[in-house]
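Structure record follows, encoded as structure tokens.
Chain naming follows the written order as A, B, C and D, and within any one chain the residues start at number 1.
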């Protein structure tokens, strides 16, 4: 049950990079939700390589999902929704030589041990970033169901190689989310975006790659969602977000910065605004004791630099157990964080929809 | 199922801060494991307030666990192991006045919404840091079972209020773990420890608190543990670690720092050492594609400053919906990260034991 | 995670027959439910040996539960409710000789293999019927929460050794449930009860035991609870009911008898009664496609005869691998089905409450 | 998460009867298992309508599975295996009129309530018996993996309309399983089979249907598989078997018959045969305390008569809430038990493989 997450809403991802198709099965979607397939297509397209122009890989992945079940006349029917994307344009020859020499930073070696050398690791196999396309199908659907209830999800590229974007304001609007999503790269501060662009292009030009962070926010989530200890919003988001390839860190609200603060600085004072309990600041990221406060949820994930780089690297031949330098060919994104922005939105939306489904129950949703 | 985690090994925590007892039920422990109760007691004592001297709360919590089941003559019998700690020395009057005015940074308000005002929130209720005591029972047992197989777990206070300890070396030894655990505060660099001590005492003197980070490492974990996407070591650790009160961030290996690196800097080159595949660096924290590399696991959690501070804070009376300043009395730790060091070890050990049990199967453990 | 069940409501049972205490942890109970402890005590007492007079074992098990958490002033507080029963009056010497010679029909041999000889099997260990006492605590609480919503659970001894009681009427009343529960044995037809009594006493007199069946019904469950395929009411009840020791069969509605019927006989015609959709018959046991119809749920479980009999039996010495006749001493129920009647109610109530909690959500319950 | 089951091996079924495709995703298959696709095809064909000649529906369902992922060159690669079957030859017009008038014995009414009238119930929707085809894909794969380890699964039509086949012998051979599978209907006693055939044809001729039972056995399962209370072999099989449409009862070993026996009759004496512990009889169905004894597993499921019958039935129009007689057109099996024989094998095999994977661990399988 490795490639599944969720409780009331259960998302299972399948497929290898170079297999026949990749896809997702979503069990537990409420019935009667109208899904705008054109809007879903636009959401998925934000993740596609072409969307980022020269900043991303030159591979073409049309990513046209085919919905096999669960949707009739554009409306969810309550049964599992399975959608697939057929694989084309795969150049397996690029990877053939890699089998015996694991790529540093990739799952080649660990999958070799885990699966006794039987895993189909061409193109990264089931570990490939390509598997985030089905996640975007699930997330794009969740985003529409949430939006119909006034809950909005947005994300931006918060940093690249140390160049930082601005932070989301205390209460980001839906319009801001749309504006950011329309930019390449998707940032709040366009000057920072220009600088990031330069950093990414420079890394690519040097046959290298660069890391980044993505900040995601969810507005409109009512207070009182989540449960204590191991079933809180942080636990559930973390369990899912670390499933996005290349994520190596995650923080909520002030996050790691809170570890350098005093309590008097970090505590968010309660106030009444418009007859509702709010907090003046949101260092807790909208979550106290694992339960939502009613303020926006704010989370940031750290993405490592793309491990696939064209520079020569040190590795070992698993057959001979001798050192063997490695030069990776093929087409790769110089910065995975860039295309991960909609993926963060997608996974976050699925988790929040799942948790709201539990709170409301399938009989009351 | 909020207060449980684990798959092959299932840990359920129960109890409120001011109830009759707190405790833990552990289902899935392998049979035939000898548990040294004196050693377990010493482990649990590391978390107790007294262990940190003046740096922690003056409450006395004897934390003597009573094992109700699952252990016969000091050996696990394969059945669920339930252990409880009776509550004493609780001064509920300290909290009585707080019911209507939620403490900033605490779960008072979110629990009020979640449970419709019915939760027993005296002393923090089920959200209290006191619930980490049963986690230490589970973890102390897991640590012994792992140690019998050459797998060791250690942690240190990595920073307090921005004052940083050194990082664990590439391959920390069991002796280093023991040495660090014997120190107050538990640090690698004793000069950093002195500075942290001053920061904590200063915060306490100013009726304030301060945040910190804890770094944890596990050595001896074989390569090949974990599964792709949502059932990797990072997912499982994250889902559990965010259950420790006050954790707001988590990272593996280079973590957030990796987001500022180039791929050529962050990728860990494979080498052969002593006939085994190792990596020259360990920026991945011993995990690639969710699966262990055989190198030490390294994770760091960010703890927010203790939300309970004696300084006057802004809040709201939930009955009148009017602003009402709040002054928290009672005894509180000025830095929760300090006592969280063994808790990080405990939770990490339980997760790793759980994942190894899955890999080995109960018939082969 | 062997000794747990449930999703929104999670019940974990712990303890061995001859350990320090047995108990149950219930995670997910809604907050604000008033529990009448005297009524709970009366429910648990129905399972106690004394309740069945001469028909049951002469062991004394006071079964006084101590609630450690989750209940404040008789009201659930939303946090896990843990309750324990201390073990007394255990005569371990009775079982000492059995270790090497497994009792036919018991888990001695299978536990020996499963736990490598390390399980504490005195008195049946964790497999003992005594573990149904904590199930009755959980069930007694669930029954009260359901009753507050007009949902009632009742059961009767449906047969013993082939002697059959009447069946529940199409729509049993709460009063009928109470009446049956007040009888010894708990039956609908008292003449059948007299005959069963004779069958049980005869079996006991002959140092033997006898099997039986228990029929359970739940009224007031609204239509629309449950989900298709593997998460229907039958699946969930079955997964839990087979956890009651000695259950070897389970059927819903007409059950096995339906396999001998024509569709025209077995299909339940829909009618409108009092403005509501009902069915004229209830051969489906209130469940179609795994989902409740709004008619009473009806299920029957088959209990094998108590495996502990005083007659000499054939067995094998596991050390010598030679045949060794076995004579079981100690005090045993000649018919486990008798005391299983409240246990069926308990487990059924927990499952139905769990499923209604999912349908309603914790925010709307 | 309604349409999933399993722990180490997780099977998710998707699709509606009249949607684009139905299918199954299997997560957790061990890597390196060679799957004979021709043999898989033959297994699936046993469930197909044509296989039963005149005894089954005249619908044509080619049921050719397309494997999208998880299998490379006929060998499992450790990643999720997703397989689909495209839907053709569906005559939706047959069902159009049924929307407002629920068919007795079907999930029409309960799904209407559960999904607020939004479910796509054409052809039974996701509740259709057609969804057993993907279960047979999963089961056919599990059967091959088990057979490679000397574990064999077989089933036969144990009764139809009260006409009983013989029971499996104490230790059925693989050859017997093959022989039975080759017969139409699949029975042990061919004379009983002739009689069943007559009963089925007679029911069909009378525009009616008839129920039946299926007995399934698994040989070669080692002792010691399974866990106590709620994670035993019976619990796990029951949770899955009740997911096969039309199952209303399930029993293990002597099952309901044990409820009429004395302990001295029902207990299975331990003996040593060929140096191994065996039992002289197998009334426990190979399971004691939820754990396998090493004897064959034996289970029997009761299938209700096909609810779709052409005879006029009483029902209600959900729009007008007035009685409305119903005549179901379309093509239906007069006895679902007949085609359920391979489905029982399939589901049983998946559960047993899942439980053995847990026992062995993925690192040792």
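Quick note on the criterion: contacts are C-beta pairs under 8 Å (C-beta built on N, C-alpha and C of every residue); 3 or more make two chains touch, one makes a residue touch a chain.
Computed from a predicted model, the values in this text were never measured in an experiment.
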(request) Treat each pair of touching chains as one step and give the shortest count from chain B to chain D. (result) 1
(request) Look at all chain centres (mean of CA atoms) and spot the one farthest from the centre of chain A. (result) C
(message) Quick check: superposing chain B onto chain C on C-alpha atoms, how many degrees is the rotation, to the nearest 5?
(response) 180
(message) Of the chain pairs A-B and A-D, which one is connected by the greater count of C-beta contacts?
(response) A-B
(message) How many angstrom lie between the centres of chain A and chain D, each centre taken as the mean Cα position?
(response) 38
(request) Starting from the mean Cα coordinates of chain A and chain C, work out the distance between those two points in Å. (result) 45
(request) Averaging only over C-alpha atoms, locate the centres of chain A and chain B and give their separation in whole Å. (result) 27
(message) Can you pull out the residues of chain C that are in contact with at least two other chains?
(response) 1-4, 7-8, 13, 79, 111, 114, 126, 224-225, 227-228, 362
(request) Would you tell me which residues of chain B are touching chain D in their complex? (result) 7-8, 79, 224-225, 227-228, 357-365
(request) Could you pull out which chain A residues touch chain B in their complex? (result) 1-5, 13, 102, 104-107, 109-111, 113-114, 126-127, 131, 159, 161-162, 203, 208-213, 223-232, 234-236, 238-243, 245, 247-256, 258-272, 275, 277, 279-280, 283-285, 287-294, 302-309, 311, 313-316, 318, 321-323, 337
(request) Flag every residue of chain A that touches chain D in the complex, lowest number first. (result) 1-4, 6-8, 10, 12-16, 19-23, 25, 27-28, 31-32, 66-70, 72, 75-82, 84, 111, 114-116, 118-120, 125-126, 362
